[in-house]
Amino acid sequence: MTDKFQSDSPHAFPGEVHPTPGGGVLVSKLDDVINWARSNSLWPLVFGTSCCAIEMMSTASAKYDWSRFGFEVARATPRQADVIIIAGTIVNKMGPVLKRLYDQMADPKYVIAMGACATSGGPFFYNTYSVVKGADHIIPVDVYVAGCPPRPEALINALMLLQQKIKKGLTREQIREESKIVPIDIGNQKAS
Amino acid sequence: MSKDELKIKLAELIPSATFDESGEWLNINITPPDFMSSIEILRNKVELNFDYLFCQTCIDWKTHLMMVYHLESTAYRHQLVIKIQLDRNKPEIETVSHIWRTAEFHEREVYEMFGVNFLNHPDLRLLILPDGWEGRNPLRKDFEDPVNMIKL
Amino acid sequence: MYRETEILKQPGVGDPDVFGDMVINIGPQHPSTHGVLHLVITLNGETIKKVEPHLGYIHRSIEKMCESLSFRQFIYVTSKMDYLSSHINNHGCCLCVEKGMQIEVPPRAQVIRVLMDELTRLASHQLWWGAGAMDIGALTPFFYAFREREMINDIMEETCGTRLTMNYMVPGGVMTDVHPNFQKRVHQFIDHFKKKIDEYDELLTGNVIFQHRMKGVGYLSKEDAISYGCTGPTARGSGVNCDIRKLFPYEVYNKLQFDEIIETGCDCFARYLVRMKEMRESLSIVEQLIDNIPEGDIQAKTKAVLKLPKGEYYSRVETARGEFGVYIVSEGGTTPYRIKFRSPGYSNLSALDHMARGGKIGDLVAIMAMIDLVIPDIDR
């Protein structure tokens, strides 16, 4: 898996053979354009449960603006959002709500776990009866951000990392798509 | 009124109460049968006028439960701490939510965390814990949850 | 777990009740900034008949967790409860531990603590202003508020190390001394903010649309405010004297000149005015203290492992939302036997039903914005 991180040019030259998950195939320019477009226009879902939500709001405001990266419109409804940034602790009562929001999002969707609480339960790991020890017990996560709360620059770093992952085709979404086994049509013989 | 004046006044109004002056505020222990009448006196008597209940909670001493009410008067600025001892196996006490409306939420929380049944409460059900936690009282000392609680 | 839309009563044909009754949900995930609050409202048309808050979506079992933490450790969990006034929460816990151990805090530490408290109060009110206006529909104040808040965050970061949950106070004083640039930066901030707060007033307070949305909405009388246990600007907007800094002064508050702001309007606009004036008062407290920090120790000498003597201790401080109480029951060991945090939002929220009945959904949003809810404070 290490040669993927050594590509010098971020965009594949048409006709060049690149090893991608699923076998060595010709990367078409169209896939590349789609990945580039998707990564530069990710709309986050407004989902902040506790303290990390304030740092997310700081990232959205004028000093550490995240709309320079394409995250301009923060949507309130999951149906119109691309990325869910889990900012805050997830507790047992909130788990089904998070799962429901994730299911309501349309493909392709990405997840960023922001802060120590969403990564692993954080300061509330020991001796609590109600905290889910990490949001990835509930939904699959693409990028983890460390910190309690992480600085706005750390969150922007995570967003940029997500953008790079999408451009290279390495998010869970895309790997899942690539490695999907296409069922062979055996032809339904009608009983005559 | 100062702590001593309060003690003298309350000793004559509520004869069955015992006092404890070791803390910052006057602590009064009331027996459960006298509870409602004492509360009415504390709220309605003009010199006492305890109209602000600022904290209501419960403590689990392993042999019994103890309800603690912190009262204050906004007019005279004196404070009082009421303590009532409850039986651990069947903890029951009347509600005070018709006198101080803040008790509605506080009593719901004590109900779910300790299992104390408040008689005549308008709406006694779980507030903070998810559904399915009736009967399990997390803040009791004998609460065990091997699935969720990771002990250090 | 939570009901979907439920029709309680069908609208009648030719019948005075044109709309019927319906139950709908707001939240737990919703585009406002309080946190995860789930409200189940019963509506008749657009008029609210009953509001029922469902809490617990951020219940992190802090009180149970504190029973296994030492007396030095549990203080820092409270800065995650009401994260917008994290210094003030830590201060309340430290006061309680100091009361139990009879520790005397040196004067320099007292002044630094009060300075940090008032800066935190300013930052919290700025966020309230920006986020509250955003809830109502005015999007510009959000950016203005964060511009000033970032200045305070930078000051805090230089001295305390982090921007949001600053775990800076210890029982006996503060953790480290203030940064050498602290006074200069605070002076710069004071000069900058004095002009900006007039700009805030110009932007929002006199705006006709804003006033129409706030005046007459969310009426809470003085007796109801006391009975529901409301404190802070929610109660001071209804005429209740409840500022702990004036009634039971702690640290150096008894030596400072500041007013307790009381308004008698009893509606949302009165609460708004209370907070705007409180920002000015906090600024004047910072101005009085910043040049007069006494020299000396920043921390009293205490043992590394603290053991509170057997007994019960209660301390109260005034956070940006109201009165925060810490009740420690100790059995003489190194960990507390029982801790109860009396959070201001819990009682303020219980008055929401009373205030919102008879209004419309837009009024409900305005009331929630003006009570200044922070849900992790309520759920603990």
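Note that the chains take the letters A, B and C in the order they are written out, and that residue 1 is the start of every chain.
Please note the rule applied: a residue touches a chain if its C-beta (ideal position, glycine included) is under 8 Å from a C-beta of that chain, and two chains touch if they have at least 3 such contacts.
It should be emphasised that the depicted structure is a prediction, and the values quoted were computed from it without experimental measurement.
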{"item": "Label of the chain whose CA centroid is most distant from the centroid of chain C", "value": "A"}
{"item": "Interface with the most contact pairs, given as the two chains involved", "value": "A-C"}
{"item": "Distance between the centres, which are taken as Cα means, of chain C and chain A, whole angstrom", "value": "33"}
{"item": "Where chain B and chain C are represented by their mean Cα positions, the distance between them in whole Å", "value": "25"}
{"item": "Chain centre separation in whole Å, for chain B relative to chain A (CA means)", "value": "48"}
{"item": "In chain A, residues with contacts to at least two other chains", "value": "93, 126-131"}
{"item": "Touching two or more other chains - residue numbers and ranges from chain C", "value": "1, 56, 59, 61, 64, 68"}
{"item": "Residues of chain B engaged with two or more neighbouring chains", "value": "129-130, 138, 143, 151-152"}
{"item": "Residue ranges of chain C touching chain A (in the complex, touch as defined)", "value": "1, 28-31, 33, 35-36, 56-62, 64-65, 67-68, 77, 80, 83-84, 127, 131, 142-143, 146-147, 149-150, 153, 162-165, 376"}
{"item": "Complex interface listing, chain B residues touching chain C", "value": "22-25, 51-55, 57, 59-60, 68, 70, 74, 77, 100-102, 104-106, 126-131, 138-139, 143, 151-152"}
{"item": "Residue ranges of chain B in contact with chain A within the complex", "value": "129-130, 138, 143, 145, 148-152"}
{"item": "Residues on chain A engaged by chain B in the complex (per definition of touch)", "value": "92-93, 125-131, 133"}
{"item": "Chain A residues touching chain C - in the complex, by the definition given at the top", "value": "46-51, 53-55, 57-58, 61-63, 76, 88-89, 91, 93-94, 96-97, 101, 123-124, 126-131, 148-149, 151"}
